[in-house]
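Some structures are shown below for you to check.
Two complexes come next, and they have one chain in common, subunit A, joined by subunit B in the first and subunit C in the second.
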Partner chain A sequence: MHWKTRSRLTGWLLGTVTIGFLLFQWAPMFTMFTLSFSGENGGTTFPMNGVSLHWYRNLWEADLFDDFKPPMLRSFLLALACSATTVVLSVCAAQAMRGRFRGNGLYFYLLLLGLMAPGILVGFGFAILTRLLGIEGAWNTTAYVVHVSWALPFGFLTMLAVFNRFDPKLEEAALTLGATRLTAFRRITWPLILPGVIGTALFGFSLSYDEYARTLFTSGSDGTLPLAVMAQLDRQLTPELYAIGTATTAMSLIVISLCAIGFWLRARALRGSPT
Partner chain B sequence: MSTIRLRSPAAFWLALPAGLWMALAVVLPVLLIVWVSLWGGTSVSPNNPITFDNYQRFLSNQNYLWLIGDTLVQTAMIMAITGVLGYCIAYFLTVKVASPGWRVALFLAFVIPFWTSTLIRAIAFVPFLGVNGLLNQALMAIGLIERPIQAFLYSRLGISMAQVSLYTLLASGPVVYMLNSIPPALREAAMTLKAPPIIVFWRIILPLTLPGIVIGQVLVFLNVLADFITVTTVGGNKLAFLGNLILLFYEGSQIRATAVVSVLLMLLMLAGVTLALRVVDIRKIGG
Partner chain C sequence: MTLADVPVIPQLDLELRHIRKRYGDFVAVNDVSLQVGKGQFICLLGPSGCGKTTTLRCVAGLEEPDAGDILIGGREVTGEPPWKRDIAMMFQDFALFPHMTVAKQVGFGLEMLKKPKAQIAARVAEVLKAFEIGHLAERRPAQLSGGQKQRVALARAMVTEPRILLLDEPIGALDYSLRETVMLELKTLQKRSGISFIWVTHDQNEAFSLGDHVVVMNHARIEQQGRPDEVLSRPRTAFVAGFIQGNNVLEGKAGLVRDGVLEVMTALGTFRVPLLDLAPPAAGSALSFSVRAERLIERPGEDVPNRIALRCITVEYFGAFRRHVLEGAGGTVVKYDQFGALPQSIREGENIVLGWSLDNGVLHRAPPA
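Our next item is the complex of A and B:
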């Protein structure tokens, strides 16, 4: 067989594998999306028994026991706080790494450790710490601290990559022209790293919003959305869970596409402007 | 010259908050777990003598040893599957897809689910794998099976399918990165020197992507080893791996046993990462 034929054959083979995997990856999610719109008598599997928004309405009108609105609000606020904190800490840390302070190699590994350590260990360890200190765990105190420690390594790595990428001559020019370091950072560096900052903020938000293991050990009595979902799953799997899953997934997709569009518009604007 | 002076106190002070945060929220808790796992005595208290009794008690139970072995087998299996699958997908997306538009579209279809909740994705497998689920319906529709297969859900098979779906991207991503950083001239040079494609792949592409493979394998290893969400949602509490055991002991307020399992989990992870670092130098990847 000629090698070109063989190369095309591998192409087809690998293509089939890839498409097959993509279908396999999306099929469960589409099953969930579809079933979330099933009729009032619909269950957690097919047949759907009609098409309705019944389960979404149930979600909205639910009270007390299976009310997902308070956990959702808590998750949202926690994710916002985590996102903001992650941005500030990772920009500072990455900027500091450029200063090559003493022990920066060790520092790099310290921050990376948060990426490696599994949530179940960090959560459990932090629960021991708070118990020894006699602190009561809560979603907006202990869980917040642990969530930031999860998002921080991602933000730090993002910001390091961003700081390494732009042309240092731009900063040098500003400094040579007499700008103070603070002014140069504010007027030159900050606009350059802004896309990375937005990426970091996204990381901070979505990592916190979806976090389960760390929250389980540290959030105390008022849980976040993933905890509420898991608790409901323990009681009974209902189409309401599919509705929640569909709603949160849709929300993530909207946020991602908004950011993608933003980046694209910005890139186009930068390309269009005279340099 | 940049906006921060080399080795200045400012750099140190800027680094401090993040460093302290990680030390307090990650390093200290992990050290505390090790300490608690050594507490002796009958009551749970820091004043008790330090012993290895807890470990002895745990490791003398045959069932727990089986569970550790079982977890490792499962992890190795998922690593193998996601490794091969991830490499195929990475190779196809970066090398074989010619049109940039298609490449971006396929790549997005591959990556986007990763940005959504793992818990939700795991739950979505329940209606997918169930008796009336989409997979059974599809298999029956094309006539491969006559009756729905019950063993998909609440079984090891189901857990493995969910884990492969969740973690293949982790194995694939680093390979994509390494494949993209191979200069096209290398391949052209080898082709000009009459190397057949298989030799080009075997002698040039594969060695150059090896660091990516290893990093991907480490990520999958760490995630599967500590995974308990997939096992509880798709496995329906019928099965348990190390992560589930930690949760089980914790819910039973057996803090010291929880700590023991946690430390064992940590040791397994450290061993795996150390082994991987022997194969490739992670620090070389950035430069």
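Our next item is the complex of A and C:
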């Protein structure tokens, strides 16, 4: 057998591990998704008692959802702001790394340290710091700063990878054709790094939207959605929570699918439509 | 020397005065001076890392020299950014914008000049037609062949009719079969447009067949510049002679000078080399000279002053010429090229005497101490 040909046994083994992993990854979500459609008398565990949209209807009508609406809105706005800020800072930080400067190695590692720092400690430490400075914590001030610091390393790494594959000769060509640096960035660099920018924006959004540990101590009296869900879990567990989870996951999937379709259309446009 | 001391010559397209550029401890360009008259074809020739591309990038404004002045069309531009210089540049891999159609990128330079849309469209159509790529107007770079990309890159650079076009190994990315055609086209284009071309290459065939003026660089310095035939027939340094194919470079010590002819003692014997415009070197000082491989004469007569006894090691037939590699005293290797489809006259392993007439020896400048 040629060394490049995979043996049947290896194929099965690798396939099993891969499928097992995917199941492991998606099973919890699928459980929640299934249980959210259980009947009126359904509980929060299997077996399901009937199938209905009862909990979704309940969610829409009941008071419970009113409790969730403000945190949901806050989380959404916070995630949007975090996403936008992460994009701007990541692009700038990665651009700075392209230019090389004194201490750029240190800068790189310090930025990435944010990935390693335990969230609960970061949140708590930040809360102590703000109290020391006499700043009142709130979801749209202190929590916002902490969320950005959490999403930034991810965005930074994404943009670094994007710029790694970016040919600086393209910018130079634009400059020699009479474009100023700003014009060259706007007309050449930006459209070419756009897929990476969208990826960074998605990171910024999703990392903020479901962040619990870093928000716990920093969001003040008005909590975000993860905090509200956690609080509700402490109080009473009903399939309504599952319905909320399913609804938000579906939202994320829709957004991601839209992005994927966008990328695909763009790639097709760059290749040129087959004629 | 300050700028005020030097008269500005407006008819020059480009003037470099003592350009110097370093990266940390590495000197990339060292004291490079160059004058380019109106509408000239200049070739910067040298091995990789010799500073030719850095020099070009300094002219473009993509690099800032540490010292020296750059004048384009008589105007000092040393501190100016690329977009304020009257230049365009063509890159080795063409650097086409992947997200723009051919028409869009050819019009880019005009857009930057804020020309009206209708005027841009008309001019782009005209240029695309002139470069025979009108049918590609709506394509993107990914849908173009190498030769088509090259044309698009050229059209994009030429559309604004800059004073100088800088070309960084512009045909290096093309297939061999295409290169010759493209070279001819570019030469014609340059003559017709009157735009000065500054062409960077490591390929001497390109440099000598295209350039009105060839600049040979090595180790960040200009070794020699001049007309191609001048550089070819009279290499002024051992590096230039060695870099140009077909030269035998012989090293030795200076002897006596008589009637403008220097005696040079080498491992192969003593030879007589004309001084020409060089000052007589001190007796015993190290120097070198060269003889072109096709200027050697087989079994020379008594009237030929320079003679060497050699043993033929290999004979290679290249089609256009036959190259003999021979070895002399002390293991010195000598090449002898025989042009014309003549029958082989020297066998491998054969001992033979070769010689050359006085005026075919080219003495080199003494290496800088």
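Heads up, the rule we're going with is that the second predicted complex is superposed on the first by the 260 of 275 C-alpha atoms of A that agree within 3 Å, B and C clash if a C-alpha of one lies under 4 Å from a C-alpha of the other, contacts with A are read in each partner's own complex, and residues count from 1 in each chain.
Convention: contacts are C-beta pairs under 8 Å (C-beta built on N, C-alpha and C of every residue); 3 or more make two chains touch, one makes a residue touch a chain.
It should be emphasised that the depicted structure is a prediction, and the values quoted were computed from it without experimental measurement.
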Superposition on subunit A - do subunit B and subunit C clash or fit: fit
Partner chain(s) touched by A:270 [first = subunit B, second = subunit C, both, neither]: second
Arrangement angle, subunit B at one end, subunit C at the other, subunit A at the vertex (C-alpha, nearest 10°): 90
First (subunit B), second (subunit C), both or neither touched by A:242: first
Partner chain in contact with A:197 - subunit B first, subunit C second, else both or neither: neither
Greater subunit A contact set [subunit C / subunit B]: B
First (subunit B), second (subunit C), both or neither touched by A:175: both
First (subunit B), second (subunit C), both or neither touched by A:15: first
Partner chain(s) touched by A:162 [first = subunit B, second = subunit C, both, neither]: neither
Nearest-approach distance, in Å, of subunit C Cα atoms to those of subunit B in the combined model: 5
Subunit B/subunit C common contact set on subunit A: 172, 175-176, 181, 188
For the subunit B and subunit A complex, residues of the former touching the latter: 1-8, 10-15, 17-19, 21-33, 36, 46, 85, 88-89, 91-93, 96, 106, 109-110, 112-113, 115-121, 123-135, 137, 161, 165, 168, 196-197, 222-223, 225-226, 228-229, 232-233, 243, 246-247, 250, 255, 258-259, 262, 265-266, 269, 273
In the complex with subunit A, residue positions of subunit C that touch it: 60-62, 81-83, 85, 87-89, 91, 93, 95-99, 108-109, 112-113, 139-140, 142-143, 156-157, 160, 166
Partner subunit C, residues of subunit A touching it in the complex: 167, 169-170, 172-181, 183, 187-188, 191-192, 269-272
Interface residues, subunit A side, partner subunit B - complex: 3, 6-7, 10-11, 14-15, 17-18, 21-22, 24-32, 35, 44-47, 89-90, 92-93, 95-102, 104, 107, 110-111, 113-114, 116-122, 124-126, 128-129, 132, 145-146, 148-149, 152, 156, 168, 171-172, 175-176, 181-182, 184-185, 188-189, 206, 209-210, 212-213, 216-217, 226, 229-230, 233, 237, 241-242, 244-245, 248-249, 252-253, 256
